[in-house]
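Here you go, one structure.
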Amino acid sequence: MTTQPSKNLETFDNPQSGRDYTIRFDVPEFTCLCPKTGQPDFATFQIEYVPAKLCVELKSLKLYMWSFREQGAFHEAITNEILDDIVKAIQPNFIRIRGVFNVRGGIYTTVIVEHKDQNWHAPELVNLP
Amino acid sequence: MTTQPSKNLETFDNPQSGRDYTIRFDVPEFTCLCPKTGQPDFATFQIEYVPAKLCVELKSLKLYMWSFREQGAFHEAITNEILDDIVKAIQPNFIRIRGVFNVRGGIYTTVIVEHKDQNWHAPELVNLP
Amino acid sequence: MTTQPSKNLETFDNPQSGRDYTIRFDVPEFTCLCPKTGQPDFATFQIEYVPAKLCVELKSLKLYMWSFREQGAFHEAITNEILDDIVKAIQPNFIRIRGVFNVRGGIYTTVIVEHKDQNWHAPELVNLP
Amino acid sequence: MTTQPSKNLETFDNPQSGRDYTIRFDVPEFTCLCPKTGQPDFATFQIEYVPAKLCVELKSLKLYMWSFREQGAFHEAITNEILDDIVKAIQPNFIRIRGVFNVRGGIYTTVIVEHKDQNWHAPELVNLP
Amino acid sequence: MTTQPSKNLETFDNPQSGRDYTIRFDVPEFTCLCPKTGQPDFATFQIEYVPAKLCVELKSLKLYMWSFREQGAFHEAITNEILDDIVKAIQPNFIRIRGVFNVRGGIYTTVIVEHKDQNWHAPELVNLP
Amino acid sequence: MTTQPSKNLETFDNPQSGRDYTIRFDVPEFTCLCPKTGQPDFATFQIEYVPAKLCVELKSLKLYMWSFREQGAFHEAITNEILDDIVKAIQPNFIRIRGVFNVRGGIYTTVIVEHKDQNWHAPELVNLP
Amino acid sequence: MTTQPSKNLETFDNPQSGRDYTIRFDVPEFTCLCPKTGQPDFATFQIEYVPAKLCVELKSLKLYMWSFREQGAFHEAITNEILDDIVKAIQPNFIRIRGVFNVRGGIYTTVIVEHKDQNWHAPELVNLP
Amino acid sequence: MTTQPSKNLETFDNPQSGRDYTIRFDVPEFTCLCPKTGQPDFATFQIEYVPAKLCVELKSLKLYMWSFREQGAFHEAITNEILDDIVKAIQPNFIRIRGVFNVRGGIYTTVIVEHKDQNWHAPELVNLP
Amino acid sequence: MTTQPSKNLETFDNPQSGRDYTIRFDVPEFTCLCPKTGQPDFATFQIEYVPAKLCVELKSLKLYMWSFREQGAFHEAITNEILDDIVKAIQPNFIRIRGVFNVRGGIYTTVIVEHKDQNWHAPELVNLP
Amino acid sequence: MTTQPSKNLETFDNPQSGRDYTIRFDVPEFTCLCPKTGQPDFATFQIEYVPAKLCVELKSLKLYMWSFREQGAFHEAITNEILDDIVKAIQPNFIRIRGVFNVRGGIYTTVIVEHKDQNWHAPELVNLP
């Protein structure tokens, strides 16, 4: 099995495109480089989205997250970049991404970004007791 | 006691059909097969619903979940399939299903689907402090 | 001290009937019998209510929960029955009951029922940050 | 340092009265007496409020909570009494008090009371993702 | 590396100013002095904001939090002061700060303050199930 | 399936009697009666043993634990009685039983008893780092 | 039910005096007074002992722990005093007491004392894997 | 990638056979069948061993654990069988296996077995404080 | 109340010098300076000792820990220094100190030091099951 | 600040070489490559040692752990290699290393290795109750 890191996100057809539903990925294995010092940064990403016509293929997501391993990246910028890449690949109804970065200088940073298709309306959430 | 896995979901009459209330099942023992590799997948399912005229019988639910043991299934598709089967069997006012799949390739996947009867309106939730 | 299990719920006057407030009981010690097999079932009940004119007396609640010890009861039916009994005894503005039953056949069942007096309106919840 | 339990709640001027904000106290050290048996009861209190012109002084709050040590008190009544005393002392925009009482007879009791100034409107809560 | 505590908060341009998103800092290493006794106080601060044109630079935030080390400060006042300083530096769309102070006299105090730009409207939160 | 509570502990032949090994049962569903007040008591039992020739059959253990449901029993006495019954049934090399009783009068009681066959010597425990 | 705090520890005959076993009490409801300031102190006590001829009666232990409510006591001294009182009452083979005191001045104090009858030898502990 | 369940455990040469050290596998994904009812059982296995000349290859261990999926097995017997198979494959200096089985009939069962090469002596464990 | 940081550890006579027992302090509020960068370091200290003739007075311990606030200190050296100071002040039978330092550079450091009086022999620990 | 990954472990003189004590590092940020697939592996390392004449310098340890980022490495081999490198650099009295690797193929692997100087004898551990 020869696999390489890749910016290319593969997709598959949403098997239930007539229904709004949520897909959530927790990705605890993410590392990039600090653009100031060149030293490794580590983070956990949570990605949750409501698919429209396409879904993200799981293995290609793994290779995509791997592709940042040698890339210098600021916390705020990289979280937005990942959002933009996934939006471009699958044009979801809605997507939210949390980047939870390891402590640096005694401070823990989390960045949360989201994108909503302007033609999509979130159904009212049924809150069961 | 001779029992077999079965796609047949048995039901019983809702003992309090005049009142909206919630029934929640946590099913930590679920396994199916990966349709790509044929290897076992494992998941925990949470099923919560507001019954209309019928309720799901607990033992038949166990046999139903067992029926996926030899079945190849993608995460997104199987969670939708289970929703469809239960909706067909009991036509609930509302139902939500969470499939929490074990980690594969370093990534944890959760799929959440729901169905609301179009004639049913969720009562406004009373939030006690 | 001679005490007996009893279906009789004693009450006392709400000491602050001019104000909506919440009383919550957690009852981890509940056991009844499975109506199919006659074997013991165990559950934890959470009862929360907004009193109107009357409150439930704590010791009589204990004896009331005890009264199910020799009674066969389905999960869905018994949770509704306890709700009905308490509503009848104190006619609260609002009450919600959660029955969290121990695992059977690898599945955990929770039943949540509630009752609202039709003349009572829940005050808008103040959400402090 | 000579200190005594006291029903007198001291106050100080709200240092930022032009802004709605929240002050929260967790008081795990509270004991009073059961009015029926005279035996000790124990509880944890959580007090959260939005100050208007005055704030509760922390040390006098400690002495105030201490003042219940020899006092017989029912759970529902005492939680309302503490609310009334603090409202009288600082007339806050909003206050909520939770009394979480230790288990008695196998049952855990929590009482939650709140008071809102009728001229104050809670700002809409900003829910960040 | 010579660094000094500093009240000067450095900023950088928001890399994605066209999108509302959240940045959250957890700062467990905060200490100041009690203005009454001169003894050390300790707290954890949580800062979360929606940036407008500017973001807070992480290292300067560390030096800023350090600048309180020799400063006497009441809990309520200092939490408001930190809010004011950050608002002045970056004029965010929205910011909320929690100061969680260590126990004193058996009581735990938390102060939560927030600021919203009057021209900014919080987008409706999409609640995924 | 007709089952009844029973003091009769069924056994089966140890499938690996040539090797010292441990079998551990956690039994969270145990209830008996307080011999003073007649009110229900609840406990969790942990049973761990090194079998000799016989093992305890799981279903009969369930029925045996059930047999205490209507029996009055002091904490110390009943834990010893359960030990004696199991020792009599399977004559293990070693057995230890923990009875962890629910809080009564604000105090939690645990009773731990054990029995060692006088001809059996515990092998030295290999402590891996 | 008229009960009073009492220094008198009642006992009952060990129901299984031919076997070394352990009885453990967790007492989370303990309060005394600080001998320097007169202010309340709070602690949790854990008492574990191997009975000889006598056991501590549970209700009298509750009244005994209550008897310290109005008593000034240093942490180290009071833990030793409780040990001495129980040793005098039941002359156990072995007893260990942990007093876990609530935080004062930012420091948490625990005191652990024990007593062994000089004619008693602790059996070698069987460590199951 | 075509893989099949297999009873064949592959091995590789211990890369540091001159040093006693520990390898530990946690295997939360294990399922077999109940030999009485034919219904699925689920368990978590922990395997820890001190290798001699050979180590267990990770992927073949996965296929080996998979091989029990269609096999009927009693808790005590199967844990011993897994031990025997691994001992046969790698003849380790020491090995311990814990099978932690899901609750059945309200009771949780754990079986712990181990094997020590009779020519191997466990080094005295260095306990750091 | 005027208090100052102080290197002077006050003591009091051990109230039970005829008995070996343990006193344990958890000190979560400790800060010093990094000797390389001058920036603040934070740690939690755990101190446990068996007193001989003298005990450490709690309030003076607080002032002593405070005395490091402006002091540059390496992790390994400062933990040894605190041990030496307390040994000098009270000459205990035994003392162990753990310094648990906050993360720096992504690495968490803990230093554990201890001192035993050469004429003191630790009593064999009674391990209750 | 220009820093590079480096296999060179820097040291400093043990500030208290006359006393056996423990230094423990937790390193949650470790990544290398799988030698079979070339894909990233992630692990947490715990390193604990009793220094002799030399200690490991913290920053150089960070650069050393970083040096494995592009290196292919089997779990068992790499944990032994790190042990050997640190032993070579500081020749400690004792050292133990745990490599806790992220799940692969549904199995979690931990490798624990240690080295003891043959002239060093571990002091008997004082076990306080």
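Each chain gets a letter, A, B, C, D, E, F, G, H, I and J, in the order it is written, and its residues are counted from 1.
One rule holds for everything that comes next: contacts are C-beta pairs under 8 Å (C-beta built on N, C-alpha and C of every residue); 3 or more make two chains touch, one makes a residue touch a chain.
In this text the structure is predicted, and so the values were computed from the model without any measurement.
The chains in contact with chain E as well as with chain G are D, I. Summary of the copy comparison: rotating chain D onto chain J for the best CA superposition needs 180 degrees, to the nearest 5. When the interfaces A-E and A-C are ranked by how many C-beta pairs touch across them, A-E comes first. The equivalent interface to C-D, defined as the listed pair sharing over half of its contact pairs by residue number with it, is A-E out of A-E, D-F or E-G. Chain B and chain I have Cα centroids lying 55 Å from one another.
Centre to centre, using the average C-alpha position, chain B and chain E are separated by 44 Å.
Here the CA centre of chain E is 33 Å from the CA centre of chain I. Contact of a single residue of chain E with at least two other chains is seen at positions 1, 22, 24, 28-29, 42, 96, 102, 106, 112, 114, 126, 128-129.
Inter-chain contacts occur between A-B, A-C, A-D, A-E, A-I, A-J, B-C, B-D, B-E, B-H, B-J, C-D, C-E, C-F, C-H, D-E, D-F, D-G, E-G, E-I, F-G, F-H, F-I, F-J, G-H, G-I, G-J, H-I, H-J, I-J.
Chain D meets chain E in the complex at residues 14-16, 19, 21-29, 51, 55, 58-59, 61-62, 124, 126-129.
Within the complex formed with chain C, the residues of chain H that make contact are 42, 102-103, 106.
Taken together, the chain C residues at the contact with chain B in this complex read 22, 24, 48, 50, 74-77, 79-80, 94, 96, 104-116, 122, 125-126. Those residues of chain H that touch chain I in the shared complex are 128-129. The touching residues of chain J, counted against chain F in their complex, run 96, 98, 112, 114.
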